[in-house]
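Per-chain residue numbering starts at 1, and chain names A, B, C, D, E and F are given in the order in which the chains are listed.
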Amino acid sequence: MHIAGMIAIGIGVLFLFLGSFGIVRLPDVYNRLQAGTKCTTFGCLFAVLGVGIVEPAWFWKALLVSLFVLLTNPISNHALGRAAKKSGVPLWDGSVVDKSRDFPSYANTEKL
Amino acid sequence: MVAVLLIIVPLGLAFAMPLFNFVSKRIAAYLPIAAMVCNLILSILLLPSVMENTRIVILGGLPPPLGIHLVAGPLGVGLSGLISLVGLAVSIYAWGYIKQGAQDKYHALYLLLLSGATGAVLTGDLFNLFVFYEILCISSYALVAYLGDRNGVESAVKYLIQGSVGSGLILVGIAILYGMFGTLNMAQIAIHIDNVDSPALFLALVLLVTGFGVEAAIFPLNAWLPDAHSSAPSSISAILSGIAIKVGIYAVARVLFTIFGVAVVFQYVLLLGLATLLIGEICAFSQDNIKRMLAYSSVGQVGLIVFAMCIATPDGVGAGLLQLVSHALSKAVLFLGVGYLVARSGSMSLSSLNGIGKRMPVVCFACVVAAFSLVGLPPFVGFAGKFLIVRAALAGKSIFFTVLIGIVFLATVVEGAYFFRMVQTLYFKDAKRQIEYKKVPASASIPIMALVVFIVALGVYPDVLLPYLKSAAADLLNKAGYIKEVLG
Amino acid sequence: MRILISCVLLVILSLGLVFALEQAPFGSNQIDNADKPGRFYLNQGMEKTGAANVVTSVVVTYRGFDTLGEVTILFIAAIGLGAVFHSRKKVKRYEKEKQSASLILQTGCRFLFPLIVLFGTYVFIHGHLSPGGGFQGGVIIASAFLLLFLGCEEKKIPMKSMNTVESLAGIIFVGIGLAGLYWGESFLENFLPRGMDYMLLSGGVIPIIYIAIGFKVGAELAGIVAGLIERNP
Amino acid sequence: MFHQSTYFVGCVGLMIVGLYTMLTKKNLIKVIIGLSLFETGIYLLLVVVGYIQGATAPIFSRTTGSPAEMVDPTPQALVLTAIVIGVAVLALALSLTIRLHEHYGTLNLRKIRGLKW
Amino acid sequence: MEESLEQILELSLTLLMLGGAVCACVFKDLLNAVIAAAFVSLMAAILFYFLQAPDVAMAEASIGAALTTAIFVIAIKKTKRVEEE
Amino acid sequence: MIVSIFLLVIGAAIVLCLIRLIKGPTATDRAVALDTVTTVTTALLVILALVFKRYIYLDVALVYAVLMFIGSVAIARFLEKGI
């Protein structure tokens, strides 16, 4: 049980580190959001649930923490991505596709 | 036990203000009057009994070194009586004076200011002193900006920034003292402080005096005062000059005398007080704006009070306290009176008040009496204060004090010059333009005249106050007695 | 020039602070003595008040007067903000280029609002058993209202009932203090039985006062946020 | 001792950075940010004052119940009070700032007439 | 070993906090300064946690990082975003 | 022992986020960095609760998980001219 929990925490921490690494390395806001959102949410979930596995008595509260992380993180990240698009942060030159042009609400976003 | 009501009654009424508003909007103006009448009666009833022995009021069920407690000594109760007297006069005045803005909010903030002042002079715990001091400061920031005009907001910002840096420094000082002694009780700190000799203590002293000195406007820290006092509504100027500064001085004195009690520092603070006196009077002399002139005169008077207190003999502290009382009464009268003069003439410049004395005789007479009292002319209370200060300073027969007293006389001459200029403007100059005459409402003239009666009566019979002053000075100076009374 | 002067001042201040802090015997030294308040609270606080969280028992009973003052300061900030923003002439509402929130944000806020309020309530009800208490719970509730402002603008905070809650909570706090003076011996004394350790109903008046503080802080901070947001320049 | 020196560096540094911001910056909101940094430093100092190495938080639970191994609760209570005071001052300062901007149209302290310190 | 690793963590968190504070002082764009100040609050909250003060950590987290940031942002919205020379 | 290494890795992650917070060309980048820091911090607090072996410390992590996104949402709404 202890070892399984530690492995879960390890995976989570690894993902957190990789997410932060992506924050630094990736070229533009939208790519960084990918790293900052999915990677860290996943990592946080694993780390928290791993702690719940290591100490079985804590499991329910850990589950609650992870549930809240799962609920709140996507909302803030969605808001940030939308804000970036609305305030006219340009895409990276190497971007292949920009689907947002199809939606009228994003159409007239001026360059910063 | 009753002393706690001095703080709780205004606080509770202020909390209940929104509920009273549902009943009627007009109740708001009566609540401060009710609270202050209650406080005045309570303090007058308490004063004789605390003269004999200091009462310790336990809060939260633990005896002094452990919990928070109030010290209802002669100084604390006397000052709270002064606060409620001036507060009562100003709240009656404000009832007719404050006609714009959110009036219920004005009255609530005013009540909270007074309860903060009362709490600060009564408490016996260092951090609690800080909390009440913050209540006083924050409500005065809000009240200075109450009218929402340009100057008011600007000076409130200035006041707020300096005041909050000051309170941050106080917190650092408290942290150092707590780190060294593990307690916040002022008496217990005072016991331990004699056994320790460390530079950290000196730093704590400097930080605490600087922090409380911001509110007291001692010399390098007085930049906010003229702006804030001149651009606030007149009733607030009166309460700030009359009460808020005094609480700052009380806090500085408590820190210097009771907690630290190191005689070396008094000399320097005394010189600071003298510098404050000179700078305040000279700046006041060069002002044309009458409210700014009064504000700078407050700076000067603060310097004089600090000077008197730092002589550090029972006579000196007693004289300083008498001067404190006299300044509170006189400056309140001056600001209250000038409030209506300014409102009628429509401008704050001194020249626009030419010859207004014949049109508004009552208010102008009160202003002249208060001004003479501040200068120190005989039948008024200011004379007694200055006379006692001079006597206390010369009692030591040292050359040092004789020179200093000379400087004080010089400052008084300057003070007399601008106050006589004011009197001359009020009475002996012809009005350039016709000011339409409107009667000053009774809600203004009654409190002003009541305070004038106090000024004259205390000037004629200063002996009434002297026993109180003596025991209050002993309360402040006698460190061992204070410790013994608090800790038993 | 200005920068130079302030640098010199700050260097002096920091040197003084570091020097002083090195000298002072911080940490365990000063509370080992049994008559020091900190040690007393640790040794006897739990037995006397029945609150498992010693910080709570210090905040609410032993130093309860500070807490009263502190709640007062928030109250001052709330009404002071109202007084400063009060202006008689009506400014016409201007809503230029105000983007409404996206559907995801709106739905999320509607969904999360009751959860956050519930969590805030949990925090201040359990203030005597676990970390947290009136202030933290109140701030969490105020944050929930803030979220409502950010997410769905059409929801309005009923300011009148907020004021009533604030006022009532303050009166309850003072009233409990006076009740302590009446039934006990001093203001804010813990006059109720202390109850079973580690249970919700323990600690005498502590949970009641913390609930009052929670409501008061929540209403005040929500009022402050509402005042700031609804100010139209 | 290592612990405490670290923290002293942290809190004194934070206070100094905050005061520096307040003294030298010209924008009022920047000054207020400096104020909040300064206050954070003070809170840290107050908590460090009550810290005891190797002790745990002053909260009893069914498993941990030895008062000898707990940190001093008083400074924590003081910091709770101080934090709330800080946020009140901050809210009032920001509301005054907004009001000042309505009057002057700028937040630059050099351009606002009387606000020189 | 374990002790010293944790101490390294505390030291680095302190330095990070100071770095964030210097950023808050230097940034010209007020929004960025506010973000940096929120970062400082977060680090301070973790330090409170290390100092065994969970109550304070909770208060600092909820007030310093969420509410203060929001009211600063609102104030910037009502005034001006860029600090001019 | 192994937990300490986890903690150090998380510390490194925070350092990386601070680098982005300093460098970030736009305000959005910095906001993303702040948002990431909050998530990382939540995990750090939970693991620290394990280190200190106190169950009640999880409440603090819960507060982080619940409240931290509000700051990000405020900044985002400001950037898209919402409030």
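The rule is simple: a residue touches a chain if its C-beta (ideal position, glycine included) is under 8 Å from a C-beta of that chain, and two chains touch if they have at least 3 such contacts.
What you see is a predicted model, and the numbers here were worked out from it, not measured in a lab.
Separation of subunit B from subunit F in touch steps, taking the shortest path, is 2. With steps allowed only between chains in touch, the distance from subunit A over to subunit D comes to 2.
Comparing the centres of all chains, each the average of its CA atoms, the largest separation from subunit F belongs to B.
C-beta contact counts were set side by side for A-C and D-E; D-E has more. Averaging Cα coordinates per chain places subunit A and subunit F 11 Å apart. Separating the centre of subunit C from that of subunit F, both taken as means of CA atoms, is a distance of 23 Å. Between the Cα centres of subunit B and subunit E there is a gap of 38 Å. In terms of their C-alpha centroids, the spacing between subunit C and subunit E amounts to 20 Å. Residue positions 34, 52, 54-55, 57-59, 62-63, 66-67, 70-71, 74-76, 78 of subunit E are each in touch with at least two other chains. Counting only residues that touch two or more partner chains, subunit C has 17, 21, 26, 31, 37-38, 41, 53, 55, 63, 66, 69-70, 73, 76-77, 80-81, 84-85, 99, 101, 105, 115, 123, 130-133, 135-136, 140, 143, 146, 150, 221, 224, 228-229, 231, 233. Residues of subunit D in contact with two or more other chains: 9, 13, 15, 19-20, 48-51, 55-59, 61, 72, 74, 76, 78, 80-81, 83-85, 87-89, 91-92, 94, 96-99, 101. Chain pairs that touch one another are A-C, A-F, B-C, B-D, C-D, C-E, C-F, D-E, D-F, E-F.
Of all the residues in subunit D, the ones that touch subunit B in their complex are 15, 19, 22, 28, 31, 35, 38-39, 42, 45-46, 49-50, 72, 74-75, 78, 81-82, 85, 88-89, 92-93, 96-97, 99-100, 103-104, 112-115, 117. Within the complex formed with subunit E, the residues of subunit D that make contact are 2-3, 6-7, 9-10, 13-14, 17-18, 20-21, 25-27, 29-30, 32-34, 36-37, 40, 43-44, 47-48, 51, 55-59, 71, 76, 79-80, 83-84, 87, 90-91, 94, 97-98, 101, 106-108.
Residues of subunit C that touch subunit A in their complex: 99, 101-102, 104-105, 108-109, 111-112, 115.
Against subunit C, the residues of subunit D that register as touching in their complex are 4, 8-9, 12-13, 15-16, 19-20, 23-24, 48-53, 55, 57-62, 67, 70, 72-74, 76-78, 80-81, 83-85, 87-89, 91-92, 94-96, 98-99, 101-102.
Interface residues of subunit C facing subunit E in the complex, by the touch rule stated above, are 53, 55-56, 123, 131-133, 135-136, 139-140, 142-143, 146, 150, 221, 224-225, 228-229, 231, 233.
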